[in-house]
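A, B, C and D label the chains in the order they appear, each numbered from 1.
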């Protein structure tokens, strides 16, 4: 009596798993000694993080002048990195929330790591607005709190104040979403733990989860609600990030298409980063049976779509510049394509427009090495997209007397490397110490259905 | 039962903390309320401003014309202390004693006034010494406003603000003490008021709330 | 001292069917314990839909109000400051933050309510009636205190539905 | 200000006023000089939280010991005095706070400068607080007392007399009648003594030419106000030539568009100068061509054969007979004689060229110096007393001069600072800064300018006057030396019938007095014969004084080193300017270091590509490569990628004086044959502006906007027909919002008249001094992080040597709908109820969004803690303005401290603020009166009238940021042919 569902859809998990083996596979990673590949990755990431810490400490002690900025180009690497990381942070919540709402079951084996990636990326992103300040020790002034200054509040009309709320809300909600989703799995780990310490730690972390169905019942409701909240949130966050530019007066920034453009770009870059990470993780952690080629393929399809939106946005920008008849706007776009930063522009175009086109071919989509390489190209392209938007718009804006060039300093480059270090260090720790696949959710979509499956 | 107990404990703790913060020396950074440092000379405002009713601007003459009210030069002290060298009590005692002992009154100089004399380079009787140069008294500044605040006494005096409004009842202070916290909120309490002595029209009040009223 | 009748299954179908039958046979279900959220079990157990979505809406509304009114009060009432010639009440400019506070309040409010109501809180010890409920066991717990509890009937239903094992438990465990 | 401000006279007991030398005696010391530290402390308030609870930082308040009369701590006092920064003698008002000068402003009533003040003079105040100043007398390198030095010098003088050797007084042009008097006494006492004057930037040829034409070696006074037609032959009279501030003021008066007629200015020059930039017509000629050109004009004037442009100009000159003026800055006798002939032929003498009331600003003789060199070589000189000049640096034969000096037994130098010459002298006499000394100067006949000390001397200094008087046998204190001289001759020179004491008091109070000019006998005009001129053809070198450095005497002034040259926008360097055509021809690019060889000497300089310059001329500014500038080696913030301002053993720029030559008896600064060769090296040029036109780069120029419309320009002809010509179409502003922000009381506004602005940059320095703007060093400027709140944008239009130049002072526009304000998350920049865009430093967290969003890019960020380490130098800081710490944004505050002060003052007096009560720092110092500031709400104010002027416009009006700083269209006196709106 084969399950008739099986004949319609390919299984989401390979390898004929049952409930027990799923637990063993996922929790087993945490019990085993880490592989050499993990150590290599961790050491590289931790070194990069150390470099970043040194660079940021030096910068905070000496001054923002240790970056290559000047009075004309007031933002460059800092906000580029910020927007880049926020963008990366979008795929996770999108996978877990929006795909959840659309009942896309294939998300179950990747959503945990994608969400973790979101949180780590948002942490990386959140750092930049703080360290890019001239006086980061005053960062708390961004929050409206009663004080003895009158009280003096904050400017709610500033996109940066919006950012504070958007990023922190996003971080909080994502983290809660992630953690709530992980509680049942933490309980599983707790119940399998052999050492006392581990038992105690996971006992604490799992909040006394007992698997009670009354709890599960409410939990499911809340999970759905959170997904419902996170979906518009994820859109709002990058919309607000795009407002940083869209509400300004600078040609090349002052653009109404920015919100959808940025959101699509964020999903685009986020999926690319998820691909990069998962291709490493499934290899390093031997999770090929859970994170299957089908997952990878599905994600490349999302990339094709969002890549298309990004392409359309580039075209729209140029069209609108021409159509507006606004000379400054037109100049900025010509300057992007043919000015001193044309190289950055063409890297962006090359990576973001051409790369996704390869994914039309199934052969490429299913070739993990190709997908990995192409995903990295997209990451690079999307970093340059933000760089191009920020730097080329600023360096030649209205008054030619103020036109200037920008060149990053070593400290800035080290800070960028450091942010990758932070991201990968956290991710490495995550795949080692926490269940990287949502055990409960995978179990719920197993093709195996008890006595029909033949175990008994 | 236990739950309620915990809740009550927590509440008591929070309220306690608030009370402690409000009523102790625990202050926000930069807040020097109740600062009452020991000064090099035991100068009594109570005696001078209170009992003797010396007007504030006799010594702090800069207040109406300048940013700083100014600490009087030692020579200003000498305007009176050329003649007044000890407290009335001491003088009366000496007078009585001299009368009792049937002798001339000995010149008396109180220890604090000797400090003024020595600052001027005078001897203990207040007579100039030839080879001695004076040295200014180094007072401890009590009312400190951060450097990014431009505070000028002049417009405040012009607007009819009383010295005591900010400096407290100096006439009753033995040693000078900062009675107000001098926080920005405290400044604004006054700058926001439409009180009549300032003859403030609404736009005038707005003017007093401009950042550049104090920060530039 | 409360007594419980604990039945374990190894798949969700048996669990759901057994639950249905226990319920129909007039047993008092204390709870069920499963490794994942089993669909259909709520109906079998006769659980009402959760009211958390209403809670969520309430918190969202509070968040929106605080967000909007807070910004208005700060910007236009408490200390109106001329910022780039913008109106005191720059409502369109207040929207992003109002949206964020709405989501934040709704999300956190709902989650905290969930944790509070279900007692899933840091430091809590779980009540375990049978092993492996977080792994591959599906467990039904029936209250055995009532005089009406029919042990034979219970065992019978368990057997019919391929229960892996069943046992009696005391609360102290 | 001029009406209301009281000038204070120094009391006769100077010491009581200026008694405060060190910070120790000043009240509130700790707070006034450590503002920045405070900002920093609060910055770390989180960290300080713990300590702050228990510990309070103790501030000391140290009052005066003896209360000086009329000095209230914290109150500013103003004294009238005279600037000696460059020898033109502008009248200054010295702002004293707590007994120390902190700012110089032009004295509005002074007949010469008329309230203007050049950047050099503005900046000279910091040299008072130079911690590397000479403060003690030295004899052979050892510190000695004045008595010992006097003894030694007198011995030396006597020895020279015994040996029959010459005693030479080598000075700059001496303008002080009392000093001249004591010098004469000295010369009388030492009969073998001679007095030689020379000017490093020589005007010798003009003086000599007058000797040829009029039999008297004089420098006439030029009246640019009366000149309706100005022909300037390489005379940068608005920038550096002779008396630029005075000339700018006068020039401006005849460029007033309300009049039916404005002057026409034709500039013939080899390089692009500030005056050339303002000229209505600019003709580029090499020096050799220029000589021929003047001859052509003369021929045309005489009605002989004339052709081309020379004929045209001659015709025009003729048209303005008696109302024209020909000047030349070329130090060449032939050209100067021709200029005299032209002026005579045009009947300008006595009208625009005054010989009877000549200028004494420059009187040096190149011939005398050449003679001195010969004498020195012959060993005839036994004692050399040098004052105010630096011959080892200044003279082309400087090195030789230094060698020869060594063999002279007695050499004494009077200088405020160590320089190339003092290093080689036996005796070093520290001169006081002019702000600590007494002086009387007659810079132009009939105007006596007074200099009084405004601070007690910071060192053991003494004026040249006092020493020379002492050696001549007149010992007295500084003040009496001057006063007694005037007491003696008072009756012969006075105007009016005041008693001497009264006259003296007024003189000191006003800073100047009109006196009777000494009568001069001027001979009748004779044509004279033209000497041969040696202007080489082919590639020639031209050395010119840059507006900041002049002859190099202010090379140690950090403000001037960082002031961008108005034309090149170059700081911290001089460069070899080449025309773009020539550079292309030679295959040189900007910044490439080339070797220039002339007169057997060579120098290595980076190339700067300059528009509007003759292809056959390499122009290099003088005043660089001064010893002492090595002090700036480590100026600027320290960090890993910092490039030192100077390399090891390097000086700021290169000295080029040794490349100059002598032409008969005059020093030639131009037309010197030069060989240029590549070195293969490159040098970073710290430019504050790198894109020089309003035209978009060719490959990225959009079809709808070839030229950016920031400069409105028209011709006078077009302006007369339509005053709004040159204007761009106005933008209709529609708003959805109701206006929440009426400005009920005041609404401050500013207008900058582009027609008046000469780009001289006086405002830039004035702002820097007033607002404590830091100096950041070459590397930071190179990285485009200069901090000046006010910058002067300079745009070229046209091509090759036919370029037009427009200057546009750019400062915070104080937009009513400021783009910067809504983006600040912490309310650090908000709008005041008087329409000012306020920047609150202590609230700023440094997101820099405001600067990014500023369409005018006028915000400045403190990338580092810029050095304020020099305690003495910090005395120049304005105590009313916060010194900004690292990490905060800053920008023009519209001198809010001045607005506030004026309001306090008016409030105290109980009278409303009147138009003109508030003078901003930039506005006050502007020699061209280009800046007007006032209340837009007052319909009678000057600014309100200017806003209504058809010429008034806003830059980037279409953004609807509603700036309150506006500009007035530039009008060139041209025929309409070139069309209005050249710039766009």
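Here, contacts are C-beta pairs under 8 Å (C-beta built on N, C-alpha and C of every residue); 3 or more make two chains touch, one makes a residue touch a chain.
Computed from a predicted structure; not experimentally measured.
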* Between B-D and C-D, the pair with more C-beta contacts -> B-D
* Taking mean CA positions as centres, which chain lies farthest from subunit B? -> C
* Chain nearest the global centroid, as defined over all protein CA atoms shown -> D
* Asked: Once you find the CA centre of subunit C and the CA centre of subunit D, what distance in Å lies between them?
  -> 79
* Asked: Taking each chain's centre as the mean position of its Cα atoms, how many Å separate subunit B from subunit C?
  -> 64
* Asked: Could you state the distance in Å from the CA-based centre of subunit B to that of subunit D?
  -> 47
* subunit A-subunit B separation of Cα centroids, rounded to whole Å -> 59
* Contacts with 2+ other chains: residues of subunit A -> 150-155, 157, 159, 161
* Structure fact -> Listed in rising order, subunit D residues that touch 2 or more other chains are 46, 819, 822, 824, 827, 830, 832-833, 843
* Which residues of subunit B are in contact with two or more other chains? -> 28, 31, 209
* Structure fact -> In the complex, subunit C touches subunit A at residues 10-14, 31-39, 41-42, 45, 47, 49-50, 52-53, 56, 70-71, 74-75, 78-79, 83-84, 86, 90, 93-94, 96-97, 99-101, 103-104, 106-108, 110-111, 114-115, 117-128, 131-136, 139, 162
* To do: Under the touch definition given earlier, write down the residues of subunit D that touch subunit A in their complex.
  => 43-44, 46-47, 637-641, 689-694, 696-697, 699-705, 708, 710, 780, 783-786, 791, 793-795, 808, 810, 819, 822-827, 830, 843-849, 851-853, 855-857, 859-865, 886-889, 955-956, 959, 961
* Could you please specify the touching residues of subunit B with respect to subunit A in the complex? => 28, 31, 181, 183-186, 188
* Residues of subunit C that touch subunit D when the two form their complex -> 81-88, 93
* Contact residues on subunit D for subunit B in the complex? -> 25, 27-28, 30-31, 34-39, 42, 45-46, 48-49, 52-54, 56-67, 72-75, 744-745, 830, 832-834, 836, 838, 840-843, 880-883, 893, 896-897, 900, 903-904, 907-908
